[in-house]
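Which chain is which? They are A, B and C, in the order written, and residues in each are numbered from 1.
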Amino acid sequence: MTQLTPHPDRLLPADPTTLAIARRLYGEVAGAPILSPHGHVDATLLLENAAFRDPAELLITPDHYVTRLLHAHGVALGDLGLADRGVASTASGSDIWRRFASHWHHFAGTPVRYWFETELHDVFGITEVPSADTADSIYAQIAAKLAQPGWRPRALFERFNIEVLATTDDPADSLDAHRALAEDPTFHGRVLPTFRADRYMDPSAPAWRGALTAIAEAADIDTGTYAGLIAALRNRRAHFITHGATATDTGVLEPTAEPLPLAEAERIHAAALAGTATEADAVAYRRNMLYRYAEMAAEDGLVMQLHPGVIRGHHTPTLERFGPDTGHDLPDQGSFTRPLRRMLQDFGTNDTFRLVLFTVDETVFSREIGPLAGFYPSVYAGAPWWFIDTPAAIARYRSAVTDSAGFAKTSGFIDDTRAFCSIPARHDMSRRADAAFLAGLVATHQLGEDEAAVLIRDLTDRIPREVFRL
Amino acid sequence: MTQLTPHPDRLLPADPTTLAIARRLYGEVAGAPILSPHGHVDATLLLENAAFRDPAELLITPDHYVTRLLHAHGVALGDLGLADRGVASTASGSDIWRRFASHWHHFAGTPVRYWFETELHDVFGITEVPSADTADSIYAQIAAKLAQPGWRPRALFERFNIEVLATTDDPADSLDAHRALAEDPTFHGRVLPTFRADRYMDPSAPAWRGALTAIAEAADIDTGTYAGLIAALRNRRAHFITHGATATDTGVLEPTAEPLPLAEAERIHAAALAGTATEADAVAYRRNMLYRYAEMAAEDGLVMQLHPGVIRGHHTPTLERFGPDTGHDLPDQGSFTRPLRRMLQDFGTNDTFRLVLFTVDETVFSREIGPLAGFYPSVYAGAPWWFIDTPAAIARYRSAVTDSAGFAKTSGFIDDTRAFCSIPARHDMSRRADAAFLAGLVATHQLGEDEAAVLIRDLTDRIPREVFRL
Amino acid sequence: MTQLTPHPDRLLPADPTTLAIARRLYGEVAGAPILSPHGHVDATLLLENAAFRDPAELLITPDHYVTRLLHAHGVALGDLGLADRGVASTASGSDIWRRFASHWHHFAGTPVRYWFETELHDVFGITEVPSADTADSIYAQIAAKLAQPGWRPRALFERFNIEVLATTDDPADSLDAHRALAEDPTFHGRVLPTFRADRYMDPSAPAWRGALTAIAEAADIDTGTYAGLIAALRNRRAHFITHGATATDTGVLEPTAEPLPLAEAERIHAAALAGTATEADAVAYRRNMLYRYAEMAAEDGLVMQLHPGVIRGHHTPTLERFGPDTGHDLPDQGSFTRPLRRMLQDFGTNDTFRLVLFTVDETVFSREIGPLAGFYPSVYAGAPWWFIDTPAAIARYRSAVTDSAGFAKTSGFIDDTRAFCSIPARHDMSRRADAAFLAGLVATHQLGEDEAAVLIRDLTDRIPREVFRL
């Protein structure tokens, strides 16, 4: 390609018959507003609405989807702007960008390449293909845009046509940024907090003790006891709800949920504070907490998102130098049917409870997630996540889940991203992938095109609104 | 769709070149007689040949493929006609049907939708698309048909062009209905019993004790000892064979087969009767029984069907209220290579022994079932089962298994259904899926069309006859 | 098919738009030299350059891909030329060939069929379709060719356009054949040894003791101690490097690598020699040896190939009669993320270390291999292996791995074969499969055709050269 020109039919099927159907279906939702019920953009970004500092800081350094593949090709994380043991990187934005641009060919066929092509072209008006030669020119063009008011976060938020953006927040967070945004008459988007209480679950984690202190202050409840921690979590969930939260998120290695008797939970809580808890204690405590999170969700109606199966910080030396979320969180085998049995026994048919299951192990889609969502009213099949948030994997997901659960028991698309400027590209990718899948059903006479048109509108708008109680 | 009109090319590929080939291949078998070597229709249905009571009782209430997805959308099982703790449902047939029809859109893209479209149109001549508005009209049309002699079980059996129908029966069953049908000069179909001895395997199951009593009476052999139970099972297998049985079926959670010394088996049998058997005892007993079932199959030549990996009654509250087979039997991870090793060491190359492996975990097709069927003369790859008895999964199955095992080591299609009227639709779906897969091989020049035509005829007729010794 | 005429477009997509692109991409590499960095051809075959004895001995008897499916259809291995407990088979070459030819239809849709069609037609000029009727005629034609100088190993090696052929060799091997070939001015190919030290890893294996003796003699180092064994292995790796080796290969059941303290390794080594080592000792010893193999690779730069997850000799009676590699090595579930963690912690970002991961469990491609290769500079995703070295599985592999790792972190094609005459057919199959996959990306506008043309050239030539340090 001599020019960066995303094709209007990209990701749509090659077969002319199916392509014509897919074009019409995509047309139904191409311009629909974006609902982003799960992601990692910071609310303060929109509150402060400061200009983005430079292209590398905006697009490369914080995006572990980008840095991990550069690292896989021998680029040191420090040379991509990451601080090394707290020491800031000396790499300049243009150096970082040049490193990315000269590895552009290594992203061929990956979703990162796909997102960047759309993003560079549609958001920043770039028409050159990134390379060592074009790097500086593209960098300068983006930098020039970022200096203009039209490329500040709020302007982009409006141009991206984002209606709802959910953030991910710690229970101890004051949510002042969310409140300020909601009260700001000049900002019209909905930015909702999401309650993520992972660090309160694991008494064997170094961060647990500090987390207890933080939430104790936030809730003004003593968390020296297990009952106190539960009370503080309930208190903060209510606080999140008053600030517009409709969902929680929980990341665990294995999704087993098993309640403990109060006395046993208190014993482990005390032992953990005393530094005498065993690993078995920690496992039992985590499984009890996951059960309690479901129990609370059945009480207050916050939609429970579950993201299991990722081994975090697989490469300890990199973790120690560059910290978490640096590209070596890696998938493990997944399972839901057994681990979730007790939780679903007790809450699976509860009218208030809602559980959205995500995975990085595709094998569970047809084997477990589809069948679970195809029986339990509370269970929804989350969109392909992280490593499998790709056009090809979305096609496999639809094929695997639809058989058991249809379309209305899936979650709708989740971008799950820190990369603010990639949000429209990601949602567009999902809409194209759904159009392609539905067109295949229409072309093989499994579905009428009129019904497919309703379905793609539902998948883009009605379903995420309902599933996430927006 | 304003009209319910199943397209003649449905499920065939969209690409014109491949479609033309697929049409010709499908034409080879579109009208072939149905061989149904595994299913759950009751022989008495055909013996008594009574008119079906009403559309809901025929098509909705007993079909957990239908009720589970309605339940997933919040419809109570009691409102679908299921008895709640033995108390009959007060829902009328037309109410139940209306509930189904108003959720018709929720089945879009699922095999249930596909089967119903074909079944409603071809069997009952319905041309309206089900919905809340058309529900009563469609219900009345079906009810009117059911009152006519042409829609009684035997008339449908003939119209469906069913040549062989295998039922699933308990070893203690007298098989009187099968004998009467075989002796009835006015009925020309073959209705064969299948020996399913699951409830004799698990001494930790409440039903085990009663099962021992039932088979003791049927075989007139004391089952107070393990040797007695084995003798009784042998006796009943012989009884089944004299009534035309060619196969057994066994459903287990995990397929490990390990023989026990007689004395140890007797010890556990006695302990179980005395109520003192441990869970470890029960596991060892079940694994020994699975081994013995294979041993008996190697003696008497009944084809052994194995259906592992389903966690039955996942939602205990629903199980307690509405009983088994109510939509919450859910898949677990599958494995065969290790668990079957001892069984295949001893019987895998035995001329009489034949083992058909089924799974609800698609990952074992390319990893285990294909390779096992590609070496062991006794092992056949069963058609995709239950949650994966779908057009998309059949395509994945053929793609995964053919590489290692070709076509002639697969079982041919199994409908495995309680839904009598769906049998033609299900077999037709499988024939179309096979035509589509073979057409893909022809269109990419991996197979000649003449050879593909032979293969689809074999898959539909010769192969199931041979594999199940019909 | 009345004629055996491999179609020029075989394996390329049916859709005309995509087909046109795929033809052009395939054309870029159709005639490229063959790089075979992993296989099982014996160097002495090329050194001695003797005429192949007969078609069956060349094409059937030693090829377990062929014999296993014939065995699955009831053909006894002894009737295919395999020695039974050391007693030579009485089956004549033409009898063996006739058995194969009369089962030709059973290979329909399998890669073996695909390879044979190409091989029989392109290498031996056969135009008849194999069958019982044509068997003798085809046998005679091949036999006549084998008697001619143009069909001796070296002539075929040149005609096949093989530039590099890696063999698989025991550390105790003198590599005299490799040296002689390298010094032979009349032979221009590169035949490189590969260091495969499996039999030194497992002190519980009967062959271990003999292996220690063999390598002790080869290295002239006493292997009565663990330190001695490690020294001998280092010594032999150096010997292999001087004879052109660039890689090692290791086959294990599970890929866990965990170092042991020297004293503990010595204790187990001594206990194993004394016959007192426990199974737990053997496990710990094997895991330590796998770790040490990685440690040595990080020192000397031999590329480490890892082939885990195959249960060898699944059917003991066949193993005892016909020996290893007779078709019943069967896949088990695979995993890498956890088992390799310690190895990758210590060597994953080492500049010298390189690890190519292979699997027979497709589920690990998107879940583990792609993500690992997408972060660790040292990790490469090996081509689909053995049961999944097929056109359909290669398409699934590319779709699963590219998302996380792109193309440049994959290994390039590996034929892994003992069947010398199938090498061109296998590489051609892979080139066609890659052309088809890339054409799909181009046709859906995810990749420009110019970039796809560069990629298929890289996948065929540059990438295997770099990955295997050729």
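Here are some notes:
To be clear about the criterion, a contact is a pair of C-beta atoms (placed from the backbone, for glycine too) under 8 Å apart; a residue touches a chain by one contact, two chains touch by 3 or more.
Source: prediction; values computed, not measured.
In summary, the pair chain A and chain C forms a contact in which the copies contribute largely different residue numbers, shared numbers making up under half of all those used. Superposition angle, chain B onto chain C, using Cα atoms only: 120 degrees, a multiple of 5 between 0 and 180.
Each chain gets one centre point, the mean of its Cα atoms, and the points for chain A and chain C are 40 Å apart. Within chain A, the positions touching two or more other chains are listed as 15, 363. Every residue of chain C that touches chain A in the complex is listed here, in rising order: 15, 17-18, 335, 337-338, 341, 344-345, 348-349, 363, 366-368, 370-377, 379, 399-400, 402-409, 440-441, 443-448, 450-451, 454-455. Chain C contributes residues 1, 6-7, 9-16, 68-69, 71-74, 105-111, 113-114, 311, 314-318, 327-328, 330-334, 360-363, 387-388, 390-393 to its touches with chain B in the complex.
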